[in-house]
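Take a look at the structures listed below.
What follows is chain A paired twice: with chain B in the first complex and chain C in the second.
Now for the complex of A and B:
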């Protein structure tokens, strides 16, 4: 029925099967939309946020998708600025994932402010001393950049591309894409950094407080670095997932290998910096404020030292060591393990910096403030996942997302 | 948001934050305008356009 819209020379499942898939995921999406409407119409009392937890589950999801979506700016930077031409075979997909991650992040923020009609206040009444203002500016601009990067792909749809203006527009946008990619890298540096900076300047929270370089706590640089390092792991994970679902090879080995190798070295250098940061914090910063390392990892039902090990060793050192070695990258099982551990590693880092920070007692009379999200928070956190699945499915079906698909599956 | 308008103060914070925002918006706007105008000219000229530009 929709065969005229499907790219030439590739095979897709039947329209009925596709519609059934979209319908099932769409039901999950509607559940999330219902929860979102409850938050907007009834207010944030639908959540379990309180005076301890001003940051809830979805803010962790927000920071996590921004870090995971970092694959878009870093792959774009490598492709258009550094000149790694091989990455042209995965850049479309990286941009699509980035677009989904950032539109999801903005959606989550729109829910989180409770009063979306007042969202424009952040621009008009800008607090120019706040890193979150910078984050809001950069996120909005970078989402515009991602939309610009995604648009030529839409215009290359078989039917749209027959319209001469759209055909020329797609071509001309590709010609100047380096300018947009450079702007995206600039914006990402600042918003990723400032998200980390927000945690680093919480001097009343010795768990996340850090000293700094000029006006920036060094969590600023660790966040940017980790997003660039781990973002490609997410891009590669979803590439392997869609290859498994479709039963096709969609991106060539050379391209996957190059991106994985760069990601591995970035993770390794990042994790060395992270270990140095943790060591200095545990041995100098925290003791200076009257805490020992184990104060942050004991006397509570969840946060044991395991979470530090999971973040640094299992989600950092192990994927880095696998991805920097050719043997590790060539072994399919080890490769999949490494990219999944990478995704877990950066997600745990964001969890710790958003939620554990809030849970840690900071006063002698305080106790750990544990928290469990309401179903509305869970539904609105799953909402962007359902939206992302639908957008990937539609894009894969109708757009030339993977330029090597025909060549690799003939 | 703009110099001379509501809540604007001529200090370093406003110049850095708003300068950065308008710098980014300026590049995005100019880049898009260039693409749209050039595409309109190309379309009017009746050319085939480029291929293989991924």
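Now for the complex of A and C:
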């Protein structure tokens, strides 16, 4: 029925099967939309957040999707600025994932603020000292850049591309894409960093506070670095996932191998910096404020030292070592393990920088603040996932997301 | 010369709370709620989502009888001066909805500008900021008893203790009407200070040598909450009990109680 819209020379499942899939995921999406409307109409009392846990599940999701969406800016940077031409075979998909992640992040922020109709105050009454102001500006601008980067892909749809204006527009946009990639890399550098700064500047919270390099705490640089390092792992994970679902190879080995290798070295260097940061924090910064490392990882039912091990060793050192070695990258099982551990590693980092920061008692006579999200929070956190699945499914079906698909599956 | 310098300093309102006098009666909490139109719920048992600008903590020394001892610690907003003039909350607010007044030293909250991101709450180590999770609802008829000088806050924004700033404005208006440029000690008092039956709370200008708090803050038994964080609060506590003073901050096991600096 929709065969005229499907790119030439590739096979897709039947319209009925596709509609059924979209229907099922769409039902999950509607569940999330319902929860979102409850939060907007009835207020954030629909959540289990409280005055101790003002940042909770979906703020973690927000930071996590932004870090994972970092694959877009970093792949674009490598492709257009550094000149790694091989990455042209995955750049469309990286941009698509980035677009999904950033639009999801904006959606989550729109749900999260207590007064959504006043969201524009952040631009109008901007406080230049606040890291969140920097986040808001860079996030919005970078989303605009991603939309511009995604647009030519939409215009390359078989039917749209027949319109001469759209055809030429897409072609010319591709020609100048390096400018947008550079702009995107610049913006993303700052907003990934300022997200790190959001936690790092909290000098009243010894768990997250880090001293500054000029006006930035060094979590600023760690966040940017980790997004560039782990973002490609997420792009590769979703590539492998969609390959498994479709039963096709969609991106050439050479491209995957190159991106994985760069990601591995980035993770390795990042994790060395992270270990140095953790050591300095545990031995100098925290004791200066009257805390030992174990104060942050004991006397509560959830936050144990296992989190630090999971983040640094299992989600950092192991994937780095696998991805930097040729043997590790060539072994399919190890490769999959490494990219999944990478995704877990960066997600855990964002988790502790959002939730554990809130949970750790700072006043000596206070206790750990434990928290479990309400179904409304869970539904609205799953909402962007369903939205992403639908957008990937539609894009894969109707747009030339993977330029090597025909060649690899002939 | 020194006195002249001190007199030229800008006002810096603050409190000294004598914890050895506080009986934990909660009058300060009630007075604060009534004065400032603080909304409440039918069920206030969950202290993590109820609004108490002034909250009284109960501290114990964890000793057994006969050495067991308790202390009540009233905790309003600490009105931090912070590092480099930035309170923890002021520097993070993206919409400049909270501000540090150079004129009075009071950290204010502009309700009509707050959009509820709650970053200030994340920044405050004292949990002194409160989000309006619900619309404010008062029992029928009580809405007529609200303080007309204080605006009720809507759902979805953050609020906190303002040192009853409306009382400062009112006192200043009165002084101007009477042809004076400034107010004397006692003309501006917070509701909690006025309500405390034990006289545990003293309020005034910390920079003004004519005010009691100026001397009290220098007392050897005076300390501030979480002083090591560098938040530089304007609430001073006093106790002649060492364990109480020690409970005001975090200490490593090997550390002796931090030496007070005066």
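The rule is short, and it goes like this: the second predicted complex is superposed on the first by the 409 of 410 C-alpha atoms of A that agree within 3 Å, B and C clash if a C-alpha of one lies under 4 Å from a C-alpha of the other, contacts with A are read in each partner's own complex, and residues count from 1 in each chain.
The criterion applied here is as follows: a contact is a pair of C-beta atoms (placed from the backbone, for glycine too) under 8 Å apart; a residue touches a chain by one contact, two chains touch by 3 or more.
Treat the numbers as computed from the prediction; the structure is a model and nothing was measured.
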Which superposed partner A:358 touches (first chain B, second chain C, both, neither): second
Partner chain(s) touched by A:250 [first = chain B, second = chain C, both, neither]: neither
First (chain B), second (chain C), both or neither touched by A:206: second
Partner chain in contact with A:145 - chain B first, chain C second, else both or neither: first
First, second, both or neither for A:126, with chain B first and chain C second: both
Partner chain(s) touched by A:52 [first = chain B, second = chain C, both, neither]: second
First (chain B), second (chain C), both or neither touched by A:180: first
Interface residues of chain A shared between complexes with chain B and chain C: 124-126, 129, 133
In the complex with chain C, residue positions of chain A that touch it: 43-45, 49-55, 112-116, 118-119, 121-122, 124-127, 129-133, 136, 198, 201-206, 287-292, 295, 357-358, 362-366, 369
Chain B to chain A touching residues, read off their complex: 1, 6-7, 11, 13-14, 16-18, 20-21, 24-25, 27-28, 31-32, 34-36, 38-40, 42-43, 46-47, 49-51, 53-54
Residues on chain A engaged by chain B in the complex (per definition of touch): 88-89, 91-92, 123-126, 128-129, 133-134, 137-138, 141, 144-145, 148, 164-165, 167-176, 179-180, 183, 186-187, 190, 403
Touching residues on chain C, where the partner in the complex is chain A: 46, 48-49, 57, 59, 73, 82-83, 86, 88, 91-97, 113-119, 121-127, 129-135, 154-158, 225-226, 228-231, 247-253, 255, 258
